[in-house]
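The two complexes that follow have chain A in common; it is paired with chain B in the first and with chain C in the second.
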Partner chain A sequence: MTKKEKIGTYQMFCVMLLCRMTALFTFMLPTTAFLQSGDRILSVIPLFFIELFYAFLTVFTLKSNGGQSVITAAKEISGLSGRLTAVYYILFFIWFAGISVSRFELFISTAVFPNSELYLMTVILIAASLYAALKGPEATSRGAVIITAVLLASILFIILTVAGEFRFYNLKPLLLNGVMPVAGFAFYVSSRTVEFAALQINAPLIEGNIRKMAVIWTLSVSIISAVIFLVLAGVTGEYGDDQIFPLYTLTVIARFGIFERLDDILTGLWVLCSFIQLAFLILTASLCASQGFNKAKKLPVCILSSLGVFIVYLFTSKTVTQYSEMISSRLQDLAYITAVLLIPLSVTEILRLKRRKRKL
Partner chain B sequence: MKKLTAILSLIFIIALSFTSCSEIEIVELNERLIIEAIGIDYEDGRYKVTIEGLDSFTAGSDSNSISAESLTKCFLFEGKTIGMAMNSISVITGQTPLFSQARILVLGNTAAKERLSETLDFFRREYTTRTDILIAVAEKKASDIISADFGKNVSAGNILEAALESYKHTGTSCFVPLYKFLNALKNETDCAFCPLIGIRKNAYSDTYEADIKGTQLLKNNESAVLSPEETAALMMINNETENGDLTAKTKNGICTLEIIDCRTKIKLETNSKKVIFSISSDIRCDIPEYQTADLQELTKSDTEEIADTAARLISEAMAGLINEKYINQNFDIFHFGRRLLLKSPELYKSLTENENTINKNAVFNISVSVSVRRIGKVVLEK
Partner chain C sequence: MKEIPEASSPFTGNTAKDLKALTELFNRSSDLVIREILFGQRRIFVFLLDGMCDEIKITEGIIKPLTEKHPHSEEMPFNEAIKKRLFKGTIVRSTASIEDAAYNIILGNLVILAENEKEALAFSVQGFARKPPDEPSSEQNERGSREGFTDNFKDNITLLRRRLRTPKLTIRQETLGKASNTPTVICYMSDRVSRDTLDEILRRLKKIDLDAVLGSGYLRPFLDMSRPSFFTDTGITERPDTFASMLLEGRVGIIVDGTPFALIVPYLFTDYFHAVDDYLASPYYALFMRILRAVCFIIAAILPGAFVAISLFHPEIMPADIMYGISAASSKTPFPIMIEALTIHFIYEIVREAGLRMPRSVGHAVSIVGALVIGDAAVTAGLIAAPMLIVVALTAISSSVTVRLHEPVAILRFGFIIIGGFTGLYGIMLGIGIMIVDICSVSPYGIPLSAPVSPFVKKAQADTLIRRSWTRLDYGKKLIQRMKF
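Now for the complex of A and B:
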């Protein structure tokens, strides 16, 4: 019996959704807190179009490169460019995973074990994610499907239970400070994600229509984000504007009959989401290595990636709240644009020219 | 065999590593001070924090805890800031405080009126307190309420929470979680409000009972108090009334109306510099009591008269409250400013640019309709 290494589009959809939900709703980035709640809801529209642009760009480059990943395509240009691209993506994913672990620790040390430093728990999370990553993409994404179903059901339940506290007058008018803050917020949110870069790498493993999946995913993420922003603004008003963990704030308020502490359920779910996200990113980093370096072996690469994640976590965990202030925001934007836009487009174009030259 | 070895090894590792003897802060129950209620007073430039904690030594002891003198204990901590006062809890009690179980936060009258924002910042920022903790202002000192003897084996937190939850039945008090209070406090035009509570001696024993005096309004170092009757009108305008009672006097007798359902809608229209608020309430009531000299039955015209009288009383109460507290004193407890901002940001801006003058430019149309649903188990007379 051969080990199944391919995953379906619905599985990739779930993994990407979990990554986005974890990134967006466990931690509100500090500089976004001062956008009016009405504008925050509205920002979902430009966010949708930005994401849609990235989605089409990813699909276009994948199609142009014959369905192979951006690293494999870069390797076709030259061995060195393949290796350099692989190194860039490995570092990109490790950096993002390390930041996610720092956020996870911030969340746990705030909501579960206040004021504690949780090195042990973090090590256990990374070790468990490493184990899951070693099991392969199919095992990780299978887990993601189940967790996505539970997560969406929980979010729906929480929204229904707080719906009675929704007040229209808590909402703020749109575009009070013009269009730019809204567009800036949308770009800011989109450039602090990892899904389309990961899709570039994982595409060869996916069976099914990637374009359809990417469009549905973009639409779903936009709708879910809009609903959560709307409910948060309508229920908590100005109080919710500066909350670091917006969805958690809602769950603390949520009550249903005898169920008064729904936040515990969500806390457990976020742990699972972080686990899946981390496993997926370690796996993607190892995939980058195997695509860029012929002799790369999965086990040592996964271990090294996990170690890298832990090192990033060590350096960022103390200052994660001021993360965007500490690290130049433009540097993060540049890193994202390079991973999602510049490298895929450049590789595709150079490869196209090279193929044409070869034909001639 | 390989799998079995792996599983056994895993069980062995888990058994050794999950023994609660780790770096993670795991505290035994009797080392925890489970906080039920918090009271904050401000005196002589210092905060006095009164904590009612569950006495876990008594609660967890082998002896019958029911026979213990009290299941809770009160402690007083002082500090220049609330954080400093809170930090001394472990030192004084020898226990680790658990704030997440606290049911109510009572602000002393002075602290609420003079140091409101400063006092609440700790609870807004601190990780361990919950955002849905109830908030109330004490008639005098918070410590008097938190440390009052409410009876054997009951906690002040529990009693006060239950008293505040009575709003559901009486309609004459409000119920305000911390996040709602902070939401109002952070808003430019809103006025924050919460229940004003005191204590009174029980008529038949030496213990005390909670006494809701009305509603405390707090805004920019200004304050006012609403009576329970005014609070009932506030709750109706804000569409927060679930149940309640009111009395209507007719030519034949006195009638009690039990509010079953109250729905209020506020519509907003603007023209040039005027803001027109149309408030319409639709109230359904039952009549559980109709006091007449000769056990007279209700007729259809009686119920209509009762409904009309009740509607007039309610609309008068609403108009009186709006006139006195909003138009005259500019306490926006009805979120009119927020509604205007949402409807017409330009007009809002022009009316609040230098000073909030929305109240001076507001016109109100109030309409209340009361309908009688049931009249008890006695038939309606022809």
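Now for the complex of A and C:
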């Protein structure tokens, strides 16, 4: 009885949603400080179109490449281009994972446990994610489905508990600084993730209609973001604008019966989301290696990827401050566009020309 | 898979030589009974193991006809005449080798070897002491059957046949263990089982090369398909009704002689929260009980760890009055709360183990020592805080609700206490994440342990958390193969 390493579209949907939720939990940065809280809700509209664009682009390139991943397609052009593409994606995912861990550490150290052993906690997180990654994509994605259900139920619960604090006047004024900050924020949120880049790599593992999944995912993410931004703006108002982690602030305000602190629910959710995200990124990095380099073995690649994540974390943990985040976010925009836009389009086009030439 | 002995030493026809060979095969074991009877002019030798045969069957069915009737005629060989004329109603098997004859004797059959014959006859007269079907000790129920599996596999097959009166119920017997030669029965519904699954199970059973199979637990590592995990692919039941219902879902059941605990393959995680009473009570009550069991599992695994984490790192989660109460109680004890939790749970496991192993006559003494000395006196002496004792008590009771999950839960509980003690809820949540992925990673025979929750199988939801009414539920709708991925 052979083992089948395939995941369903809805499982991929959940993994991608958890990755996005991890990013959403930390969306507030100085780059967006001049954005009024109500404007964030409006930013969901351009965000939806940007995501939709990425979604169609990803689906288009995957379809043009015959469903194979961007690395396998690059390999078809030449072995060297395949390996170079693999290296780029491996570094991209490891770097992004490292940055995520640093952000998480910032959250832990500033909001939750200021006196905790940060290195120990980070090592535990990375080790746990490595364990999950070694269990394989099916296990991680199945786990993601369960965690997504818990996540959505918890978010709904938090929203219900703070609903009484919602004030419509907190939403005003809209578009005080014009349209550009709104569009900028939308672009900023969309490029702080890796979902479509990961989809480019994981596509061969997915069973089902990827196009449908990508569209539904984009719509769902937009709706969830809109709801969260709306509640955030309506409840925290201007106070939320100054917070590093406004969602956390929201849960600090939340109360339920005799329980006066619900922030630990968010912390727990964040831990679970980060765990799945990190495991998924380590897995994706190992998949890049196996697609680019035939002899790459899963276990050593996963261990090396985890080490890489830890090294990136060591370099970025002390600098994930508001200023450096501004700089790194520009770098991240560039890296993200390269991974989602430039490489897939270039590979698809070159491959198309090569195939045409071969036919002639 | 072993063993029907190979015919390496056929009977020679030289009675003295064959007798010696057969006796030596048993190393002159004292319970090997050999009797010589005169049958007309011919000597015949009777072999049996003392205590393995039914004496009435031997006397009335074998010895008496042998000594009273003389069916031998010149036209028919001696053994053939005995089989056809004398013992028409008894199961008789010819055996041509000394090893096979010995094997039949071991099984509790009576073997007859006539003088100068090259073939012995084995008569099915097993009659060893059997435990009658009793109420299943580990799966009590309120309204269901009171019959549980017994140690004897034939009785268990009878119990199963009485519940599934259909020729589709297929029984395949194999013999496992080189020394124990344990009869092992593979049961399945021929029209519902997945051939792939069945073939894989048979292939795995064939690979077993153990000296002895003295319980169904011996087979579990061979049937587990998953990589190292806290959770197993194989379920255990001692209830024939549960076993029958699992077969109806297309699973494969394995009954091992000598144990009332039968194996079910594949087994799903949600099965741990199902009980036979769910199908006998009203659906809304079944739903309530299933939620209750799931909550009990979470309490049993996580509560002590979460309690330690909250007490040490996040006391603000609790309402102020409770927080002050716990803090006041904990401040009077000499040990850190994590050490306290580990110690008291370790003691609980000792008491539990003692409860399992001790003679029943001293049960009350252990209960008194456990409840009064360790519980009450330890709190009074200020060694353990009362809230911790409440947590342990709740954990212990919850653990008993999902008793089939005790093995992983007992270990996970210690893990959660340690991780909660060092890293607070952060570690607890990571632990939960690992546990979820670990459960999801087990995929017995292509069917994920976490099915039908994740992957989500809509049709199977009729009997996962909710149990739909019998007017809308039938086994055909939840065949295990539908969960194959």
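Keep this in mind: the second predicted complex is superposed on the first by the 346 of 360 C-alpha atoms of A that agree within 3 Å, B and C clash if a C-alpha of one lies under 4 Å from a C-alpha of the other, contacts with A are read in each partner's own complex, and residues count from 1 in each chain.
Note that in this section a contact is a pair of C-beta atoms (placed from the backbone, for glycine too) under 8 Å apart; a residue touches a chain by one contact, two chains touch by 3 or more.
This structure is a prediction, so every number in the text was calculated from the model and none was measured.
By the touch criterion stated above, A:279 is placed in contact with chain C alone, chain B being left untouched. Judged by the touch definition given at the top, the superposed model places A:354 against neither chain B nor chain C. Residue by residue along chain A, chain B and chain C are tallied for touches, and C comes out ahead. Of the two partner chains placed by the overlay, chain B and chain C both lie in contact with A:121. Of the two partner chains placed by the overlay, only chain C lies in contact with A:264; chain B stays clear of it. By the touch criterion stated above, A:110 is placed in contact with chain B alone, chain C being left untouched. Touch criterion met: A:252 reaches chain B, while chain C stays clear of it.
Contacts of A:135 after superposition on the shared chain: chain C is touched, whereas chain B is not. In the superposed model, A:169 makes contact with chain B only, not with chain C. When the two complexes are overlaid on their common chain A, residue A:237 makes contact with chain B while staying clear of chain C. Once the two complexes are overlaid on chain A, the chain A residues touched by chain B in the first and by chain C in the second are 113, 116-117, 120-121. For chain C in complex with chain A, the residues that touch the partner chain are 196-197, 200, 225, 227, 313-314, 316-317, 319, 419, 422-430, 432-434, 436-441, 443, 445-446, 448, 450, 453-456, 485. Residues of chain A touching chain B in their complex: 110-111, 113-121, 167-173, 176, 236-240, 249, 252-253. Here chain B touches chain A in the complex through residues 22-25, 127-128, 130-132, 177, 179-180, 182-183, 186-187, 335, 338-339, 341-342, 345, going by the rule given at the top.
Chain A makes touch with chain C in their complex at residues 1, 3-4, 6, 8, 10-11, 108, 112-113, 116-117, 120-121, 124-125, 128, 131-132, 135-136, 138-140, 142-143, 145-147, 258-261, 264, 267-268, 271-272, 275-276, 279.
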